[in-house]
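What follows is a group of structures, each given as structure tokens.
Two complexes are shown next, each including chain A; its partner changes from chain B in the first to chain C in the second.
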Partner chain A sequence: MFAYKVVLVGDFGTGKSSLVRRFVDNTFSEDYISSIGVSISRKQLSNDVSDTTMMLWDIEGKTDFKPIFKQYLLGAKAFIIVADLTREKTLESIKEHIQLCQESVPDLPICIALNKADIKSVNYNANELKKLSSNIIKVYTTSAKSGDTVNEMFAALNNVVIERTV
Partner chain B sequence: MLSNLVLPIICKKYNITCVLFSSDFIVLEYSDNIEELTSVDEEIKTNEDVRSYFWEFVGMEEQFEELFIGKEKTLHIPMVFKNKNYFDIDVEICEIEEGQKCYLAMFTKQTKFSANYSDMIQQINHDTLNFENKKEDMETNEHYYNLINEKLISFHVDQDGIITEVNEACSFFFGFVGDEMLGHHFSTFFTSRESNTGFVQGDSKILRAVDTHGTDVFFHADIIPIHDKKTICENIIICQDITYLKRVETELEYAVHHDSLTGLPNRTLLLKRLEELLARTKEEEISFALCFIDLDKFKIINDNLGHHAGDMLLKHVGEELTSVVRECDTIARIGGDEFIILFENLGANDDFLPSTLKRIEQLKDEKPLNYTEDIIIRFGFSLGLSVYPDNGLDIKSLMAHADKKMYEVKKKRDNNIR
Partner chain C sequence: MDELDKLRNLLLHDEQKELGELKEKIEELSALAEEPDVIIKRITPLLASIIKNSSQKDEAVLLDSLSPVVFKLIDQNFVQSQDKITKQLAPLITQAIREQIKSQKDEVVDALYPVLGNMISKYVSKTFEEMLNAINNQITNGLSFSVISRKIRAKIKGVSETELLLSENAISSIRSVFLIHKETGIVLSHAEHEDNPINEPEMIASMMTAIRSFVNDWVEKNEAHHELGTIEYGGSKIIIEASGYSYLAVIVDGSVSSKTNEKIRKTLEKIVSSHWDVIKNFNGDMSNIPSDDLQDKLSTLIHKENNEKKTKKMHPLVFIIPILFFSWITWILYNNYVDNTISENANNLLYKSNKLTIYRLHTEVNNTVLTLKGEVPSLALKKLAEEEITDIKNVKEIKNEIIVIEEFKEKKEATFLINKIEYLILALNINKNIDVSYTLSDNQILTLNGNVWKFSDKEYVFKQFKNIKELSSIKNEITIIPPILNTIIYFDSNSADIMVGEEHKLIKLINTLSKVDDKLTLRIIASSDNSGSIETNHKITMKRSLNIKQYLKEKGHVLQKIEVEEKDKSLENKEVKNTIKHDRYVIFSLENRGK
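The block that comes next holds the complex of A and B.
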């Protein structure tokens, strides 16, 4: 079975771990536990073309005093850049994360997950975000809490990876 | 093999777990403490693909290849969370037999350090997240504050009422884009029933202004003094649009002075106009008349056809009377089936009053109410007239005279019918 690596990148506290938990275990916790280092989860997927195993790298989010460790991005087949719709600063960081991903592994498909869509949102322009890179396949507004658009996003990313690889 | 490469005693002391695997990722050997890394249901076996157990190696084939060919000396993956512990992973190339190279992965458990580090980072991130959320809330509040400010007109005036500063909402209201309002007295733009000389600190005023569409807008203006050390140098005027309150006031005023069924003026308004007229008589020679009208047998209509029919008849009579009189005259409904017409501005030899009374009398025969297709309600009434100053010099005597005359007519008609 084809197995590949997807890395979730973003500022700290944007809900990367929650998205992974929702996708892999279909669970959610209100408690905020900041991820340290990297935690790897696995999810079996299938579409019309192939059965696959997605290895999800839930890495420590970027903070003002600690950048993202580039080593974690190596070997990825796709990236999910996660921002928190309630914190404008995390949306502003998307550009920087895209740059980091593209420098580490060029020309990979990227999904933008604008998470926490279930709570109040700051202003954003999805079209402007999409224009940040031609590698962005789509900008999703997600909610790990309600599950909205989470599976849809991972499934879409899986389809693109299969299309490009298998 | 492994014991030759890494001393077991060192592995134990430094919490290192090792796995040896071939260039095609087949597990060759592993250290005794391997259970630190793998779960019970995934017991590691030799001759299996190492990537089945160590997911962190999936996708890293290119990096392993670089190790294998000597392009890189080590592959380092820090702080991988496995089995509730953090491990630093270092992969190197080793030679197990002459010419046979394989990979040696060393997993170094970060025990006390990782726990402390993890707690510290989590605490920092937790605090920072709280701070950022609060900051966002503050910015949101500021956003709402600005939205309110966009709607709330405010301006500064000095002690003489000269405008020294205006906000965007104020300029926008009057259709200005710059500082056109500055240097002008506030009364150039706002009018007030009270004095326009200036503002009294801590006071409030009702201001009126005309917007760019020509609409009258009323404001409740709060006056906030700005103190410069011990003296007051300016006032900030904050204007709240109360136009809707003015509309409510107008509606209430209308309701107080009009009859809700017919829409005609009521007794209160009639008396007010009479008082105004009598006040005028002290300054000018004028004449006016009061005409009392009482519908005949109205109770019978109500009893036989119902109150709706009675109400419709009252409306109908009111409308027909309105069509006969002049705009300057007042028709008031003052009670159940009683109307009073106030004829103003009567000339000395004017034929207006007799001809109008004649036309009113004709309404009885000519303008019945077509209540339904089948029911036509004919009506009659009795009239009583009093003319100022001939029949009285005050409201009471004028109304008493008209009332008396009306009942005389009614009585005479009733006697004729009998």
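The block that comes next holds the complex of A and C.
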């Protein structure tokens, strides 16, 4: 039995809460509700090795006026950095988020979720994003709305975490 | 066409044409009048002006005619869309109340007072009722160790028992305990009271960790390093007790005593001291966590706390039986003591009585009933024995079972005398300074042998035997031998002072000297170690002897002549040497120089 903490990091409105909701409850809402502070969810997973309780820390998105509260990143076992494919600026922030995560807890597995894949996207280069850090497992294009690759991403992340811990 | 028609056409041509057009228009209009869409389209723009106009002209009439409809409409709407209206009104109500309080505070207070007052008094009285019940419970269970201990504590602390009772009954209980990994917020273990199960402990732990991190971070920015200690909500509290890598979050209902805090701290201490490394190295793998042990430790906290609250109803017999048992034992011991004392007193009195000393009389005492036993030659002696012991206190009854043997007198006459002498010898020899023996010839001539310390002792012994009438004469062959003094006084190296530890020996010596003849001479023989020169040693030995002499004369008022000399080592007695610890000492001897 494993229990660990995963933190979702990203700019405001990139769909962190929606990804969590899709993953945990398998639901989606078009309404945008800005997260304040932190919202915590729990998901039971299992793979060949072990049963896992994943505690998902969906923290308040970064805005120009408010940086990410670093304390919430401490003690995590993995990070998911979320960007919005319809807003180029959120893709540009990925680098900064990676840096913040690595400062808080070095050498942790990081997943990059390029969200809102169901809407027409801006241009991006997944390979270049992958090169930003050696800790990045994979760059996923996700859609919390349709549910595309959401479960896949979390499952892959869980496998990596378990593999590294055992 | 006839002429008339022609004429009519000529004269009324225009009119007929107009008539035809009019007719067409009327038909068109009447057709339109049956089309509601058209009418609505036409009238709609005018409606506002119509209402405005009529309200300006005659407002009362318009209100009269419209109001029943409007009210009906509102009623219907209210029933159908109650939820919607509630939602719409809710924020307004709060705002309205706030506004009202701002402007008309007193009125709001007055309006709410009957409701709130009742509510509060109901709550307070219920809480008091619970507390009173608890107190009553404690009072009813009056015969318990806790009550006795409370009474003692009240006396020691100098507070009233009621105060202690109140503090004991301040309703508090630990509802659940979480041991949380500090950084990850993962629950390492948790325990909860059966009556208050907690849903999703993991969520609570993570949220607590988030709150803790937030508060701690915020506080650290503003002030020195402090930790979040307590979160209060309603009548409950979450107490947070943190160590380096983990913390305990304890949910407590009611007031938290310092005892509870202490217990929480102790529990965390125990956990940290036994599992510090496991917690520190926690990597998410729950199988590394000693969950059973942690669970046990946390559960004791909950059960301990709750057990304390429950006053165990114990049957009074549980206390009464041991108390009765102890009382019985004490009574028996006391009775034994009393019986023994009586028996001892009685035996003493019987031995002390001159006439009875020689008979083997003894007493038995059972429950303060004294039984005299033994054999005497006459009834008078039997009675005498009884009379001797009548004054002894606490005796309920005396049973005289002494047997009178008539032939005793004649037959044991001789034994009687020997017994008497034996008894006297025995009594005299008790004194340290007297050690005598005797021989008795057939013609009743007593010869006293042995020795005493001084002349007056010899006289004294002789005098004692003179009282025995059965003796024809007494030969006093007792010799006077002063006692051998075994006293050895030690000194510190290079010191002539009498050490405190040695003083009691001198006092004993003084005591012995008071019992010997004043004419004797006391020799003080001093010895020294070989560490210094002969001269120094001589000086110090003399000083030691003189100090002893001074002590004996001044403090002991010793009357004997005292002579001081230095020890001649060549003459040292081996036996004495064996008993001597070291060479710095003084010994004593008594001599009869006057002889």
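Heads up, the rule we're going with is that the second predicted complex is superposed on the first by the 166 of 166 C-alpha atoms of A that agree within 3 Å, B and C clash if a C-alpha of one lies under 4 Å from a C-alpha of the other, contacts with A are read in each partner's own complex, and residues count from 1 in each chain.
What we mean here is this: a residue touches a chain if its C-beta (ideal position, glycine included) is under 8 Å from a C-beta of that chain, and two chains touch if they have at least 3 such contacts.
Note that this is a predicted model, so its numbers are computed, not measured.
J.: Taking chain A as the common reference, can chain B and chain C both be placed on it without clashing, or not? Answer clash or fit.
T.: Clash.
J.: Given the touch rule stated above, what does A:A76 touch, chain B (first), chain C (second), both, or neither?
T.: After superposition on chain A, A:A76 lies in contact with both partners, chain B and chain C.
J.: For A:M55 in the superposed arrangement: first (chain B), second (chain C), both or neither?
T.: It touches chain B and chain C both.
J.: Scan A:A126 for contacts with chain B and chain C and give back first, second, both or neither.
T.: neither
J.: According to the stated criteria, A:I40 is in contact with first (chain B), second (chain C), both, or neither; which is it?
T.: Both partners, chain B and chain C.
J.: Applying the document's definition of touching, compare chain B and chain C: which contacts more of chain A?
T.: B
J.: Quick check for you: in the superposed arrangement, does A:A3 touch first (chain B), second (chain C), both or neither?
T.: both
J.: Quick one: classify A:A155 as touching chain B (first), chain C (second), both or neither.
T.: Once the two structures are laid over each other on A, A:A155 reaches no partner at all.
J.: So, does A:R87 touch the first partner chain B, the second partner chain C, both, or neither?
T.: Touch partner of A:R87: chain B, not chain C.
J.: Please state which segment of chain B collides with chain C in the superposed model; the candidates are 20-28, 146-154, 164-172 or 326-334.
T.: 20-28
J.: Under the contact rule defined above, give the chain A residues that sit at the interface with chain B and also at the interface with chain C.
T.: Residues 3-5, 37-38, 40, 42, 53, 55, 69, 71-72, 74-77 of chain A touch both chain B and chain C.
J.: Can you name the residues of chain A that touch chain C in the complex?
T.: Touching chain C from chain A are residues 1-5, 37-38, 40-42, 53, 55, 57, 69, 71-72, 74-77, 161, 165-166.
J.: Per the contact definition, I'd like the list of chain C residues that touch chain A in the complex.
T.: 181-187, 200, 202-203, 206-207, 209-210, 213-214, 216-217, 283-287
J.: In the complex of these two chains, what residues of chain B are touching chain A?
T.: The touching residues are 51, 55-56, 58-63, 76-81, 86, 114, 117-118, 121-122, 124-126, 128-129, 132-133, 136, 139-140.
J.: Which chain A residues qualify as touching chain B in the complex?
T.: Residues of chain A touching chain B: 3-5, 12-13, 32-40, 42, 53, 55, 60-61, 63-66, 69, 71-72, 74-77, 86-89, 120, 122.
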